[in-house]
Amino acid sequence: MTTIAFIGLGIMGGPMAANLVRAGYDVIGYNRSRPAVDTLIERGGRGAAGVTEAVTEADVIITMLPDGPDVEAVALGEHGIYAASQPGTLHIDCSTIMPDTAERLARAAVSAGRRALDAPVSGGERGAVEAALSIMVGGEAADVQEARPILEQLGKTVVHVGPNGAGQTVKAANQLLVAGIIELVAEALVFLEACAVDTHAAVEVLAGGLAGNAVLDHKAAAMLARDFKPGFRIDLHHKDMGIVRAAARKAGVAIPLGTLAGELIASLRAQGHGDLDHGALLLLVEQLSGRATTNQER
Amino acid sequence: MTTIAFIGLGIMGGPMAANLVRAGYDVIGYNRSRPAVDTLIERGGRGAAGVTEAVTEADVIITMLPDGPDVEAVALGEHGIYAASQPGTLHIDCSTIMPDTAERLARAAVSAGRRALDAPVSGGERGAVEAALSIMVGGEAADVQEARPILEQLGKTVVHVGPNGAGQTVKAANQLLVAGIIELVAEALVFLEACAVDTHAAVEVLAGGLAGNAVLDHKAAAMLARDFKPGFRIDLHHKDMGIVRAAARKAGVAIPLGTLAGELIASLRAQGHGDLDHGALLLLVEQLSGRATTNQER
Amino acid sequence: MTTIAFIGLGIMGGPMAANLVRAGYDVIGYNRSRPAVDTLIERGGRGAAGVTEAVTEADVIITMLPDGPDVEAVALGEHGIYAASQPGTLHIDCSTIMPDTAERLARAAVSAGRRALDAPVSGGERGAVEAALSIMVGGEAADVQEARPILEQLGKTVVHVGPNGAGQTVKAANQLLVAGIIELVAEALVFLEACAVDTHAAVEVLAGGLAGNAVLDHKAAAMLARDFKPGFRIDLHHKDMGIVRAAARKAGVAIPLGTLAGELIASLRAQGHGDLDHGALLLLVEQLSGRATTNQER
Amino acid sequence: MTTIAFIGLGIMGGPMAANLVRAGYDVIGYNRSRPAVDTLIERGGRGAAGVTEAVTEADVIITMLPDGPDVEAVALGEHGIYAASQPGTLHIDCSTIMPDTAERLARAAVSAGRRALDAPVSGGERGAVEAALSIMVGGEAADVQEARPILEQLGKTVVHVGPNGAGQTVKAANQLLVAGIIELVAEALVFLEACAVDTHAAVEVLAGGLAGNAVLDHKAAAMLARDFKPGFRIDLHHKDMGIVRAAARKAGVAIPLGTLAGELIASLRAQGHGDLDHGALLLLVEQLSGRATTNQER
């Protein structure tokens, strides 16, 4: 039986680890705060008191952590997973981090005689709970092959998109598109409201043509209702847009709309709305349009 | 049998009029250049030598013209359709024009004892040929009711979105979304190419999540192949973005991403690419990223 | 003695006409609301009850009106100044209007056997009162020659910048630069405040180098003090940015920073701040930075 | 006699060190490549073979290095200047680096019993040669007092703008303003050229009013002549805009125009123009306006 060490049992990692238990894997979980470990144990997993303990007997290690420095902190160093795990162990990092951090980690893994994949996910808490994530995987084909049965317990779409780092690059592209499309939908909705159009009829007809998109399908109704409970928080999308910008800058690629969308997310966060769903970009469009009463009336 | 005068038999109007003939309507077509009229006659319609002749005996008049001033030129004035048609005639304008021009036309129609609807369409030449357009209708409910059987011969989705002008407002929102999403997809694709990712695999996984959109589904492949034969020309989208901007400015609504997308379309046009498909926004992203060789190698 | 008809005796036109009286010209003023005419009479000018009466005996006609349509309304038509004035009369339009409207007016003047110059001014109310305006003149060299002694009573800098319309083009460039620089200074000041820098010391050192500009010299102190009484109102700069955008679009020239500055001015206006000085762009930067308390405490 | 260690004898540091020699200071210079040290010796200074050697007997240490990591590399660590210099030594860093790196360095200096100031400069190579720099100083008042006589040998304007890091913050504001104003001037100039205006006359009249700025005074002529030999290179301004963006993001301040200007600089660099003067933003405006022939004809 494959033993999987799962490090980072938060909103995403918790249900992902539980899905692996459910699929019959031997899962040893570790999390900085203990209650998440206890929850995993209740669901049939095992708990560890630290990273080293978690990874020593693992065949595969999955990390699901907030940002690149967190992954580097558990992966590298004397007590890190590349030192403490068995030689040859496969590390699958599902966190969203900088592509070049992912490349650096993969090189460190190989130097230490281990192997690493970047496998960031899209689909949010619901996708994690329902094992319906989209997973974009970067790394060696043989490693992806080996990881696939595990990843398919976590998501519906598992695609190998290129070498180490490529998974993170595609995730960055994903966050760029999502941020920009939410902002465009926000602009369109505020414009339609300002012009006294039947917005629900409008959304219906817009969704059917070349303007159609998943934000219109899944988020426009909540945005029109000013329901901004997350979902995916502005704070996290802000962090991700930092990755998008840095990666595009490094690649020398111009992303004018992506950059502007990132600035608007940064503004929303600076205004204290970091805990709202990213659909709250609509609030900023309203404010810039002098239509912020709705916002204050919330 | 309902007699329909159809004014403007261009790339869109020609096949639309033909679809009405096919549906059994008595269609009298007029177009500034004669060959388009002859084509309609071959398809079973009738031809007129001028606007007045076309509309005199019509029950319903449809216009499909390049811009607002063109519609005003045929609708208003001593020999215009509101003067030359029978009292009570219904005018359905399918052109894409400024919302307030549509409102003004509707008021002029009512003053003249006629009735008007704005019913701009989305779906391009193929949608027109295949009677698969999305049609966003603004006007009185009773008039929309009357027009519906006719419009349903032209498109699959016919939605009443509000009073006169609302159809144009929704069309403007549509063009805003389409322009912005194409630009975002262009930014994402150039970024993915620059990072040596498997772009086709990436498009597959991106399309499945919250980033998913019709541009990714229907245009990304052509964009990756640098196939920019229209489709919908930059020149036309440039004209439409002028409408979007003016309508948003009039409504006092901030559309920062829409505005920036409009500027990029204007640049592409200034560079002499007005005849390319709007997917050619990718060329501009490449150029701004110092990756324009592909462009010159085309 | 040269007789000058002066049409439009508002905040700018009033003191300009008074300066011409003071310089010894015979000035016949007309204004839509009567009190401004009475003020001119008190200052030694003459009053007229209408445009026709004002221009019949004039050698030179000056217009100082809010926008292009206003100038066209008084210049063209059966009772307009090109019909009612003496053949050969010189029309100097000091209003800020679209360059192509200025060209059209000049052609209409020539067709009617009159002559026209566009001579928009920069320098605001104080410049008008103190005869210290900058005046950018477009038109025939001989006409500029003839107008120069008059214009030099109104401003310190009178420059012939090209054919008819060129004056308005340069004025548009002026408004583009001013809007953009105010916004940049606002961004810099809010940034400095947020970082607990001594802003007055910072302004001093910034003003001395390549970053130095007239906004820093003349407006930064008021902006830091949140003193936004006009000066030049957001409403007017918004109108002028409409001209800038339209002229650049017509010329096919990309003005990305100018466009974005125009959007921010439009937002400030949509928020109800149209009556504040354009230095109030600082309020918008504060708001977007979540630092709007100062604003509400004003 | 005060002994000054000067580390970093490049385009800026070389002439600055020479000016200190000329003012009578005992200057020990160190540079990674030897010829710059020899040049200093020819001018009357002394040379050192390494950082440690340079700083051991110094009363004051000046660093003038490309970026923050370079300064940290020489300042921190076992052989760094805070370890190798005499206790109490004053370190004046004239490099342009992140404000929070400057703060961190100052804290490290204090921990080590030394003192640090950030004193970035503005004015370019000419300012360095002519001892005409503007210098924005952050740190303790007593330290600034002590450094002032030295700094006044390097620049004309020496202003204490706040605590450690404040000098870098003001420098960031400076680079934001300069980038944005150059871009605005480029947009205005291309617009004026496209409209067949007398650009030299236009620059004259624009410079006299609220649009007036040092870029118009000192760079517009070269930009009109397409003379882009540096001056200040795009590569360096690109690096500085990275600092500006990061500092504004950290402070939570929205800098929409600054960000867009930074994107345009990044594009110019991606296109291979990193070695041109930053006035070359005009080339990008031309390109976006389809007027790039001039560029290719250069």
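By letter and in written order, the chains are A, B, C and D; residue numbering begins at 1 in each of them.
Definition applied: a contact is a pair of C-beta atoms (placed from the backbone, for glycine too) under 8 Å apart; a residue touches a chain by one contact, two chains touch by 3 or more.
What you see is a predicted model, and the numbers here were worked out from it, not measured in a lab.
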>> Farthest chain from chain B, going by the mean of C-alpha atoms per chain?
In response: D
> Where are there more C-beta contacts: B-C or C-D?
Replying inline: C-D
> Counting in whole Å, what is the centre-to-centre distance of chain C and chain D, each centre being its mean C-alpha position?
Replying inline: 37
>> Can you work out the whole-Å distance between the CA centroids of chain A and chain C?
In response: 52
> Just how far, in Å, is the C-alpha centre of chain C from the one of chain B?
Replying inline: 39
> What are the residue numbers in chain B that touch two or more other chains?
Replying inline: 252-254, 256, 260, 267, 269-270, 288-291
> Tell me, which parts of chain D touch chain B in their complex?
Replying inline: 267, 269-272, 287-292
>> Looking at the complex, which residues from chain D come into contact with chain A?
In response: 242, 249, 252-254, 256, 259-260, 263, 266-267, 269-270
>> Taking the touch rule as given, give the residues of chain A at its contact with chain B in the complex, in rising order.
In response: 99, 122-124, 134-136, 156-157, 159-163, 165-166, 169-170, 172-174, 176-178, 180-181, 183-185, 187-188, 190-192, 194-198, 201-202, 204-206, 208-216, 218-219, 247-248, 251-258, 260-261, 264, 285, 288-291
